[in-house]
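The same subunit A turns up in both complexes below, where it pairs with subunit B and then with subunit C.
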Partner chain A sequence: MNLRRLLIVIVPYAWLVGLFLIPFLIILKISLSDTAIAIPPYTPTLDLSAGWAGIKEFFSELDLENYYFLWTDSLYWKSFVSSITIATISTFLTLLVGFPIAYAMARAPSAWRPTLMMLVILPFWTSFLIRVYSWMGILSTNGFLNNFLMWTGLIDSPFHILNTPTAVYIGIVYTYLPFMILPIYSTLEKMDISLLEAAEDLGCTSRSAFWLVTVPLARYGIIAGCFLVFIPVNGEFVIPSLLGGSRINMIGKVLWDEFFNNRDWPVASAVAIILLLILVVPIVLFQRVQQKQEEATV
Partner chain B sequence: MGQNAATTAFAPWNDPDANPLIRFENVTKRFGDFTAVNNLNLTVYEREFFALLGASGCGKTTLLRMLAGFETPTSGHILLDGQHINGVPPNKRAVNMMFQSYALFPHLSVWDNIAFGLRRTKMEKDEIGDRVQEMLRLTQLEPFGRRKPHQLSGGQRQRVALARSLAKAPKLLLLDEPLAALDKKLRQETQFELMDIQEKTGTTFVIVTHDQEEAMTVASRVAVMNKGNLLQVATPGEIYEGPNSVYVADFIGEVNIIEGTAKIVGPDELAIQYSENAPPIHAKIETEGFSDGQSVSYAIRPEKIGVSLTQDDPRPNKVKGTVIDIAYLGSTSTYHVRLDCGQMFSAQMTNVRRIEHREITWEDTVWLSWSNSAGLVLVK
Partner chain C sequence: MNRPLSWFNITSLTLGFTFLYLPMVILIIYSFNASKLVTVWAGFSTKWYVRLLHDEQFLDAAWVTLKVAVCSSTLATILGTMAAYALVRMRRFPGRTLFSGMVYAPLVMPDVIIGLSLLLLFIAIGLDRGVFTIVLAHTTFAMCYVAIVVSSRLTSFDESLEEAALDLGCTPFDAFKSVTLPIIAPAVISGWLLSFTLSLDDLVIASFVTGPSSTTLPIKIFSSIRLGVNPEINALSTIMIGLVTVGVLVASLVSRNTIAKREREELEANLAPVTEPAMASVTEGVVRDEEIEDARASGARG
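Moving on to the complex of A and B:
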């Protein structure tokens, strides 16, 4: 009888162990290894045929050398800092753009809402890469935006947007906007409009009612949206590579370079482990917020 | 009428010199081409507990929302304390509203909910604390100050909403179906609490309800509305005993309505012929305004009609019928009786004996009798 229950418990755990814990341990192991011109390109590899001695040998060769290297070469910690900075700023910008959109959607006549929701999700139906490429076409010196602005006569010479931080921010805000809008929309949509009337009845102006009622009630959506943008943006590498040029260093890009250009898997793995450690804090916080929100809505 | 009551009775509406707190002057509210409130005139006096009564959708909430400032009249004027308030926004009115959904702020504790309105004023922090404490005491919520609304029962939430809307000591408190969400027993208890609080604070209450018993229980005066029109405004007693239309008579409590033609038979006596095979009903009534052959409705409450197995009742209106159905309601029983001419009557009797000793039963031939001043004659 309890077999069913056991199965229900085991399946998700097996999933986590197989697809998260084991790969994590493999990456951790590689991060403690040394590079080698071999396949795979690192040593040591575990040789179980040598028995106990082989295992001892294997562990004795693991060390923290790569982490030390990350610490000494400023390129790495600078890209970590730059990633976190870019993630923070673009999270804020996404919130700035996303909140009003979510608000307008939640206050739109209910017949329109499914359509508006569809429009927000629609971009996911085309490839992410194609959408970022098209931003290159829009933002480049001879791109649509500059051509349009010059045609209207607003500017005489083209803006240089592509390959600047601005282009990266535009790309990130555009790509991650739905992750901000949807959680905020779902909290705002549930909000009872009579709460705002009650606030006004008790002496609020409509602006103070917004800050004292609407924003606090949307807070879980805002926090969830911010995490949903902040966490993945830290590891983003397509957008900075394609729109940011060589000057923008984000940790995802460094990771890519180490893996595919330098073929230095151990250092790349160390970078990945550090990135994960940095993101554990916001991920845990995010989980707690989600839990709180669930409790509050019960 | 009713002027002979004790001089201490609270009845400012009978005093021609009294200044009303609220005055509606020809107020109409339209939504598109739908008229929610139609050319309404109404006065409410200070310290009144005023009930707006009517079926769902008749415009009660709209009327209340115009008082609170959430809707503006399409035409006409609303005066509060002699001041025109048509254009005054809700946050500038000395009026507070208790919402039908309570509209408690879910992110704030009970304490902060009650303090919310006070914090929008220039009141000192200590004063706010004292006032909130006073409100908690008034509504018996003292142990719950730190709780969030979702940690309270329905009745407690209702009291928080009341405390919050009373905290700013408004001149006028509007209550939109405040008890509709409570179960029957709690609702009855809360009605008395509301009356008690209204008396203690001396605030003018305007309450909206579709429950006629509730309106009769709590209110000093009741206004009956139908489809945006005000039909009658009077004290509960007057409205029950003297409804001015068939609609009001039917809406307030149970009533027998008998259609017939009037004939003036005396200086203040009408005979109403409702069937060829039955004697006319005699009604003592001011005959002015009536004419012979006019079609009228005779309204009589079931409890004013006696049921008997004999003809001994001396009252002048007396008809014979058959008991079709008996509804046992505990303290009273309602007898549904069909006359030989087919007309149905309901009559209500107090159950002075235990049910197993009841002498009248189904299919019995009975005599209904009532006095000639028990009913009302209403013109369409």
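Moving on to the complex of A and C:
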């Protein structure tokens, strides 16, 4: 391997080790440290000048105290449970809303499809923050939705939607919808329509042909879409803080508050490590599904 | 295969796209509202735009955001392209598994964890926080997106083209410049655009790694909408939505034109294969063939 090829590997490698791997090890280390009123607000700090004895002492002072604290304080495990619950329910809701759209796009005349694709992708390029914000004006007590419903006479007094779980679900479904639509659409688009005709010739009703032919063929798209929504929603911070009010505690928000408001770095780091441990399982599953799908298309 | 759409499909498309676009349309309409109460219509006015353009804090934040986005997306594109090249073209080097793991991991890592870990690093090494640290942070996660986009393009093209160029006496750098780069250019450009948008959009990571003096636009927006709807932010959102829409439309028109041009070239190439000047450099001819393959593929896809 000559010098130039070596450089091509080394530069990005070193960058990722320095700015991804090492920071991650720092989180791990701080999560095992004790909180202290000092700058930085944790002990011990690694003192390499003390030699081997210093390193030994450093390791002997690390413990699982912060994790034990997370386990005993119900605030934390409740917010882990609520993150996972919200992520599961909203993934299901996004599938429910996204599948019919992806299905109709795949059945639309082929001349429309590039335009429809662009219409789905366009919101994805617009700021996430702005898309969440747009719902604040719609859902607030004197907002657009309530004004509209009162004007039509359907309700007499305004609903409280903003700062409830409903608002969080609406926000998640809205912002993550393209992630669900695109993978499902790409599997449905490749599907051979004559398979459906064959199923109907063989006596299937169109409803059972849908469940027996279309859905199984789209399964990789459905699974990929679900993971693409479920994994990031667990760490979501913006949606629960803007639409959920103070009663919704998702783990990303707890981490944020722990760090910025309580200045408890060790606990914030422990929260981050546990969030990562929770996400490792779906992430690994997702990569296996992706591999299977690639093998299937080759 | 162009069967007419069923009523069910038409309904889902209509409802679906209404759901996707109505909130933004409402936001845009109310940005022209004269009333400070954002939900009560009090006549047309552009005063929020005027006020926004005289708001020093917003203009400063916009400038910081733009600087960060340009620097980090350029750095990320260079590093990401190198990473993609290493992953696709070098099948064996020590620590390759760790390397590919580090390229894929930031794509699924929650923002809060990336932000927290980088902040702890910057504090540990005593780096002053500000524009520079945001650029470092954005480059790190954006280069992974670039690496994915570029590596999929690199996998799909024939390595023997590079070898041919080398056999014909190109230096490795020349081969990269005149064979590889033109072929992966579309992926490199879309990687840059993607990094640029990711950087413009990022609130969480920037909030962790920024210092007191440098506020980016998302941080500024977040702090002003935390307490409720704000008409100046509606105006700002409208401007941002407008810019993105124009950008995406132009990009899609340009790429459609490029495809059309390639198809025309393909037609000409098929009509007159014999009259093709025999003196044309071999590399160029090979590249053209590859592009035609590509146009065929994208034509089939579109």
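By definition in this document, the second predicted complex is superposed on the first by the 278 of 298 C-alpha atoms of A that agree within 3 Å, B and C clash if a C-alpha of one lies under 4 Å from a C-alpha of the other, contacts with A are read in each partner's own complex, and residues count from 1 in each chain.
The rule is simple: a contact is a pair of C-beta atoms (placed from the backbone, for glycine too) under 8 Å apart; a residue touches a chain by one contact, two chains touch by 3 or more.
If you're wondering where the values come from, they're calculated on a predicted model, not measured in any experiment.
**Q** Once the structures are superposed on A, label A:Tyr67 by its partner contacts, choosing first (subunit B), second (subunit C), both or neither.
**A** neither
**Q** Looking at A:Phe159, would you say it contacts subunit B, subunit C, both, or neither? Reply first, second, both or neither.
**A** neither
**Q** Of the partners subunit B and subunit C, which touch A:Trp265 in the superposed model: first, second, both, neither?
**A** A:Trp265 sits against subunit C, while subunit B stays out of touch.
**Q** So, does A:Leu195 touch the first partner subunit B, the second partner subunit C, both, or neither?
**A** first
**Q** With both structures fitted on chain A, tell me whether subunit B or subunit C touches more of subunit A's residues.
**A** The larger set of subunit A residues in touch belongs to C.
**Q** For subunit A, which residues lie in the overlap of the subunit B contacts and the subunit C contacts?
**A** In subunit A, nothing is touched by subunit B and also by subunit C.
**Q** Spell out the residues on subunit A that touch subunit B in their complex, using ranges where they run on.
**A** Residues 192, 194-195, 197-205, 208, 212-213, 216-217, 219, 296, 298.
**Q** Subunit C touches which residues of subunit A in the complex?
**A** Touching subunit C: residues 1, 4-5, 8-9, 11-13, 15-17, 19-24, 26-27, 30, 40, 97, 100-101, 103-105, 107-110, 114, 116, 118-123, 125-131, 133-138, 140, 142-144, 147, 174, 177, 193, 231-232, 234-238, 241-242, 252, 255-256, 259, 265, 268-269, 272, 275-276, 279, 283, 286-287 of subunit A.
**Q** Using the touch definition from the top, list the residues of subunit C that touch subunit A in their complex.
**A** Per the stated touch rule, the residues are 1-3, 5-6, 8-10, 12-13, 16-17, 19-21, 23-24, 26-27, 30, 37-39, 79-80, 82-83, 85-86, 90, 93, 95, 98-99, 102-106, 108-113, 116-118, 120-121, 123-124, 136-137, 139-140, 143, 147, 172-173, 197, 200-201, 203-204, 208, 218, 221-222, 225-226, 228-229, 233-234, 237, 240-241, 244-245, 247-248, 252, 302.
**Q** Given the complex with subunit A, which residues does subunit B contribute to the contact?
**A** These residues of subunit B touch subunit A: 68-70, 89-91, 95-97, 99-101, 103-107, 116-117, 120-121, 150, 164-165, 168.
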